[in-house]
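Next come two complexes, and both contain subunit A; in the first it sits with subunit B, in the second with subunit C.
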Partner chain A sequence: MVSTNQPDTARPARRSLLHTNPSVLWFMGLLGLFTLGVSILSEGMGIGVLSTSMVKILGMTLCLCLIAICMDVVWGYCGILSLGHFAFFGLGGYAIGMWLMYARTEIVIRDSLAGATIPPTELEVTDAVTAQIFGVVGSSELPLIWSFAGSLPIQLAMVVLVPGLLALVFGWLAFRSRVTGVYLSILTQAMTLALSLYLFQNDTGLRGNNGLSGLQNIPGALHVPQSVLSVWFFWASAFALGAGYLLFAWVVSGKFGSVIKAIRDNETRVRFLGYNVEGYKLFVFTLTAVVSGIAGALYYPQAGIINPAEIAPIASIYLAVWVAIGGRGRLYGAVIGAATVSLMSSWLTGGGAPNINFGSYRFLWTDWWLVVLGLGFVAVTLFFPKGIGGLFDYLVRKKP
Partner chain B sequence: MLRRLRRVPLCACLIFLGLFVAPIAAPTAAHAQSTSDTPLQDVLQTVQAQVASPSRGTVPDVLSALLERDAPGTVEFLRAWQDRGIVERPEDGLFFVAHETGGMVELIDIDTGAVVEQVSTRDVNQIRPNAGVRREINAALVQFELMNPDPARRIAALESATRSPDPEQIPALELALDAETDARIAARMERLLDLLNARFTTDTATRVDAIDGLRGDISTEARRVLNQLLQTRSDFAQTLPDDANIARIRTPGQDMDLHAAYRVLSDAGLFPPRPGRNAIRDALRANVVDGAVGGIPVHQLDTDEARRTAYRALQDAGTVPPLVTQADMEAAVAQYVFFDAYLEPDATVTDAASTALDSTRTRIGAFQALSLSLDALSLASIFFLAAIGLAITFGVMRVINMAHGEFIMMGAYTGYVVQTLIPDYTVSLVVALPLAFGVTFAAGVAMERLVIRHLYTRPLETLLATFGISIALQQLAKNIFGTQARPLTAPDWLAGSLALNDIVSISTLRVGIFFMALAFLLLLLFILNRTRLGLEVRAVTQNPGMAASMGINPDRINMLTFGLGSGIAGVAGVAIGMYAQVTSEMGANYIVQSFMTVVVGGVGSVFGTLAGAGLIGALQKGIEWFNPTNTLAAQTYMVLFIILFIQFRPKGIVALKGRAAGD
Partner chain C sequence: MTTLLEVSGVSVTFDGFRAINNLSIAISEPELRAVIGPNGAGKTTFMDIVTGKTRPDSGSVRWGERQVDLLKLSESQIAKAGVGRKFQKPTVFEEQSVRDNLAMALANKRGPLSVLVWHMTTSDSARILELATEIGLQDRLDHRAGDLSHGQKQWLEIGMLLAQDPRLLLVDEPAAGMTPGEREHTTDLLKRAAKTRAVMVIEHDMEFIRRLECRVTVLHEGSVLAEGSLDHVTKNQQVIDVYLGR
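This part shows the complex of A and B:
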């Protein structure tokens, strides 16, 4: 690479991103069509075939697809089985949730105080908002971390900075001491556990296990009906997913992508070749954490509520399950896995699927779905390591 | 002083009693003499009127009459009298024990216990002593019990007296102490006497003596009594009063909030109250004139500064009470001295009490540390039991078994099922332990054969596959046993607790779990170091290829190892199920902790797991000690500590070295 007499072979003609990744165009097209279709069918903007809650579920699914892409990049491409990305997702949700809850409560309080003979002071407003938000955990003081909760730009920055910084510090500590493989997985799981336990406490300033609620009401758009808001958020989620896909498709292609794939396959050899393995891993880990935070910030306003149970280690393991079922090492695989499994989960556990009668025993999907999922997951791991995405290989191979 | 009192001859004591506490003199005699033959009914008839309509003043007469003759059945009579179980037959004035049966009363002869007749409730007078009388009777009863020849009854009486301390018990106790021959009971009596004297006696010397007797006593009662003596009240005065027993003087602005000090004064009506933000706002609201207050338009009153200016304007006009400034408050507070005074006026008593309390502090600290270490040890043994199976599979096979927690759950449910079949808890436990091992051993072997065997080259994927099995097993358990917790009851001999004193106590079950963990440790060490299987396991751990070429079948070893690890998880499940509850999610609660135990301890070493469990148990209890109300915080900090710990010792406490390390 340093010096060669044959520039033609050493430097192949530079090909465009889309050319090296034909799936990007396909994906963008399909996502665009899907977005258009949902908008037309939606209650708020179109003919009303899809209910508002359905649009929300689809929008949330897009956010889950985005975090699944992050997981795929960090695990499928870089070989770090992180069991902590849902923690970053949740932190993003908490960061935006603080603003949503604070700003909306402030509007409500100001409205109720507007009729008073004497206008309220800032302190009175803050106190009233605090009492409203933290009365449930028996506290009357605004926690320090809520100092900027009233400011949208700062909280938006937090969506990116908090998960990013946590990932940076944690990743630096972990990669620096060469924690790899299952050890790293357990360590990330421990981090997630610590975070969720921390958030479960009432006195840490995030309302303990009550979590943040009422997030579906957007301050500044309180007059907009939920049916319209749901479509707006759907668009935002679709845009974020498209942008994320493009970003990561670009990241994993080219030289950078080759290096992280090489790290996945043989970390020691890459290190001996002179690459700063820790730097690459840290970059990938932090970047995916940031994007996960953004996905979370889009997800929770649609879900309406966030609580520490969302961050529990099990959620991150499910994330790994989605990616594995969809197919690791290909971005669209992650999207397929996340969309299929999460939609099927909510369909089957929500009682939407018909139950099957086996003579005397009635097969209830709500009871058996997790058993089927668990065993199906074992089967996928054993027999189809490439996941659903692997099916595409057969399609592509048919062409000459 | 009490020791001395015990040496006083019995007769002298009797004289003393005859003078001061006549009603209770006789039992002492009763202890020595044989009981008289006078029937109780005859004795009662000598004080007929006092028994029939008792009052506080007349009770001692009855008691003295009863004690003087000491008829058999006196204690039973007193108890029935106190419980309103005695009736008087109006025709002849005789007393009977009443036994009510559906509107009718069976009259039972006091002496013989025979049913005399059955009458309507209206034909007899029930004797109803009031609360004061009943208390007197009770005191007498306590004393009778304290004199009972049966030591167990005496101890029971002492315990009941300790629970409801009463100054009237003092003379009774002193008497009983003199007659007491059992040194241990005497010591307990002395202690109770000290407690009562410290609290109720008026004589300072006696109290100080009693308080000194409580030195180094770490029981909760003793500490409660001493703390009660040291109760304080906050007060203020212009000059420090001479008669008050001052505990400490408070300086406003330093160890007392200035606002709080001023509020004390204003509450006492000495100074005008300081209007707070709300008071200012309310005053302004009440004085709005033409959309302005004190010349400031209302819409500008949205800062504290503007409001205060407006308030000053009102104050100048004399319509509102003055705004109290910082300087005002300081000036007001400076005129007074604030202090805490003991409720107990006698300084000698409070000094003695605080010395006595100080002397217990070190011992209490030591015992608390001991108690904490026991807790930590017990927690560590639970972690060890939960983690050791995982350590074996992880260490030997480098396979993370996420379904390990579900094996724990499986063992616990096995115990539960056995218990529903075998009603005797001890027998069912004896059956459940090997059965749980068998069930989970089989499940482990099946899992290894069917799934894990195919994934040895892909360790990260075993993690995922076993996770799939884990969620399937959890849901299966939910489908079979339901979501509610199932009880797994420990047998009686494991249900109690061992108490060293009021501070150090540990439940027998935890002791049992500790010994079980110890037994497993020894068993595993034996298997790994002294048997053919252990030799082969160690060989496969170190170098599977070389082991295979030496004629060891690594497949078989892997299978057995996995079965062994799972089987131990099953047995641990029975123990954990007795200690916590059996739910389908119980395994998930232990899995992360178990992983951390293994990782902190160091993979592939039994002693490593032991060290890891010890460290994590001690750490969790240690952090809880700093903040006992918040176990969540303790867990959070523990996990953070572990993350940091891994930074410095990535291979755990006991790191394998050389070729055994594998990498």
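This part shows the complex of A and C:
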């Protein structure tokens, strides 16, 4: 029974994150190269091969990759198929959008009133800003939730706090009642649907179906051309993705990762080991919601507009599809899935791809893309359960 | 020797079927106890009740010196209080390495934040190696648990149980699927564990129980039919009728 060759247990087990996860180093390197490449090719900073709108699309894609990582941690690692994470993404977008819209409108109003002989009072400015923002929904009062919209630090805190609190309360209620599996997925869908329907109403204080617009104009940087701003936001998105990747790589690599994977595979057994399963799920759910909020806060200034349709249930379902296609249970898989599918989607439905003529029938990508995506999803599920990321297993043969 | 666990007057009904009927059973620390009985006698349900998986309709389960009411605790709280369980079907985390399985079971802090910042210390590492040696898996620490043979999975689960450092071990059919050599090793392991802890073993294999050389409780239709040495209970006519005779 006792073997003569001592296994490597005796050596100190404290190994660095990068040592145990070479993929992290690869990812960081590629992300750095990609960022550098886009900067050099951009219109605003470089030789101008990439248009400003293209840089924005790429920056937004990085934000989508970040929320895909969140989805992978919550679903691929912890086994919670949340179909509501885009609600947190949207809330982050709304939180920053309120400041962007308010602060910019305030600047515009102050500029237009600057020439007046009697300087405007603060109340007059606030009223004018309110009329400007809420005239579209027929309201002249500043909603309570806009009380701090003029303050960037407070709205930045909201980016983190609002999604975090919603996830904390929702998760606490759901996990405490031991709602799992498909029932939990349905609940998360209900949450995002309810939020979206609520925001569609005009009297909720977030401009109903108009949403918040003009978010591409950054107060304090209004003189900076969009071509340069787009690169700044691209950098910020790349930084957030890199930081998020490192954070979650660290979270899932150690014993915490072991426990949440164990919860995914057999949560009853984990309870009998003495772990409070609900606490772990709540922790993962809330942490990923917070990071999703940050991703949303970076996405919408690049998109320029946010409206309740963004957090419709379908968005969160797409998120699950991206992660499944990219490969669950590996962070780079989520990034690959989100980048590939969302870029293909905007290329094929944006008229970028040539339509195909089949004699009398013209194959239009805009009509057929969802069908192709659906078939692709089914094919991946059936034939490559590990997704695109699984292909790397063939490249990197693990030592036996 | 003091009473560690005292189950008294416990009953549980599933859809009208009385799985446990006014069951009273107690175990001391340290003690080794075997629980036998025909299928459906309520052996596994008994373990479900003690570990918090099933809530009984009536009765009480008291634990330790302070007579804690286990029925008020959740599964994870009961496990933390010192009750470890090995399931009938080996349930290890197949996707993860033997080392990770053992590391998760080690008696360290269980909260999300302390686990997040946890690093394997030299003593953790040594303890894992010690456990792995005890269960004969010291060469397979970095293998996927799913690649182990059935018997090795059984052992890994016993190792995880020992890693938890519980005061009471509930062991459901530990020898199922093991070769005679492996069975012998398992008996040694359980007997050694029972020197310092309370160990309760459910088994069908009479040879295995004979080797344990311990007190035996016979369950039938959800309550205790007989209790005593193996020779004593095997001579009991009722036991022969309902269990041994078949």
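As a convention for this text, the second predicted complex is superposed on the first by the 385 of 400 C-alpha atoms of A that agree within 3 Å, B and C clash if a C-alpha of one lies under 4 Å from a C-alpha of the other, contacts with A are read in each partner's own complex, and residues count from 1 in each chain.
Rule of thumb we're sticking to: contacts are C-beta pairs under 8 Å (C-beta built on N, C-alpha and C of every residue); 3 or more make two chains touch, one makes a residue touch a chain.
It should be emphasised that the depicted structure is a prediction, and the values quoted were computed from it without experimental measurement.
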On the A-aligned overlay, A:Val179 touches which partner chain: subunit B = first, subunit C = second, or both, or neither?
first
Residues of subunit A touched by subunit B versus by subunit C: which partner has the larger set?
B
Is A:Ala149 in contact with subunit B, with subunit C, with both, or with neither (first, second, both, neither)?
neither
So, does A:Phe272 touch the first partner subunit B, the second partner subunit C, both, or neither?
second
If we overlay the two complexes on their shared chain A, which of subunit B and subunit C does A:Val335 touch? Say first, second, both or neither.
neither
Could you tell me if A:Val74 is touching subunit B, subunit C, both of them or neither one (first, second, both, neither)?
neither
Is A:Phe200 contacted by the first partner subunit B, the second partner subunit C, both or neither?
first
Touch check for A:Ala262: first (subunit B), second (subunit C), both, or neither?
second
Across the complex, what residues on subunit C touch subunit A?
51, 53, 74-76, 79-80, 84-85, 87, 91, 93-96, 99-100, 103-105, 110-112, 115-116, 118-120, 122, 124-126, 128-129, 132-133, 136, 138-139, 141-142, 160, 164, 185
Which part of subunit A faces subunit B closely enough to touch in the complex?
81, 116-124, 170, 173-174, 176-179, 181-183, 185-187, 189-191, 193-194, 197-198, 200-201, 203, 313-314, 317, 320-321, 324, 367-371, 373-378, 381-382, 385
Under the touch definition given earlier, write down the residues of subunit A that touch subunit C in their complex.
1-3, 5, 7-10, 12-14, 251, 254-256, 258-259, 261-262, 265-266, 268-269, 271-277, 279-280, 283
Going by the contact rule at the top, pick out the subunit B residues touching subunit A in the complex.
277, 281, 284-285, 288, 293, 298-299, 301-304, 307, 398, 400, 402, 451, 454-455, 458-461, 463-465, 467-476, 478-479, 588, 592, 595-596, 599, 630, 632-633, 635-636, 639-640, 642-644, 646-648, 650
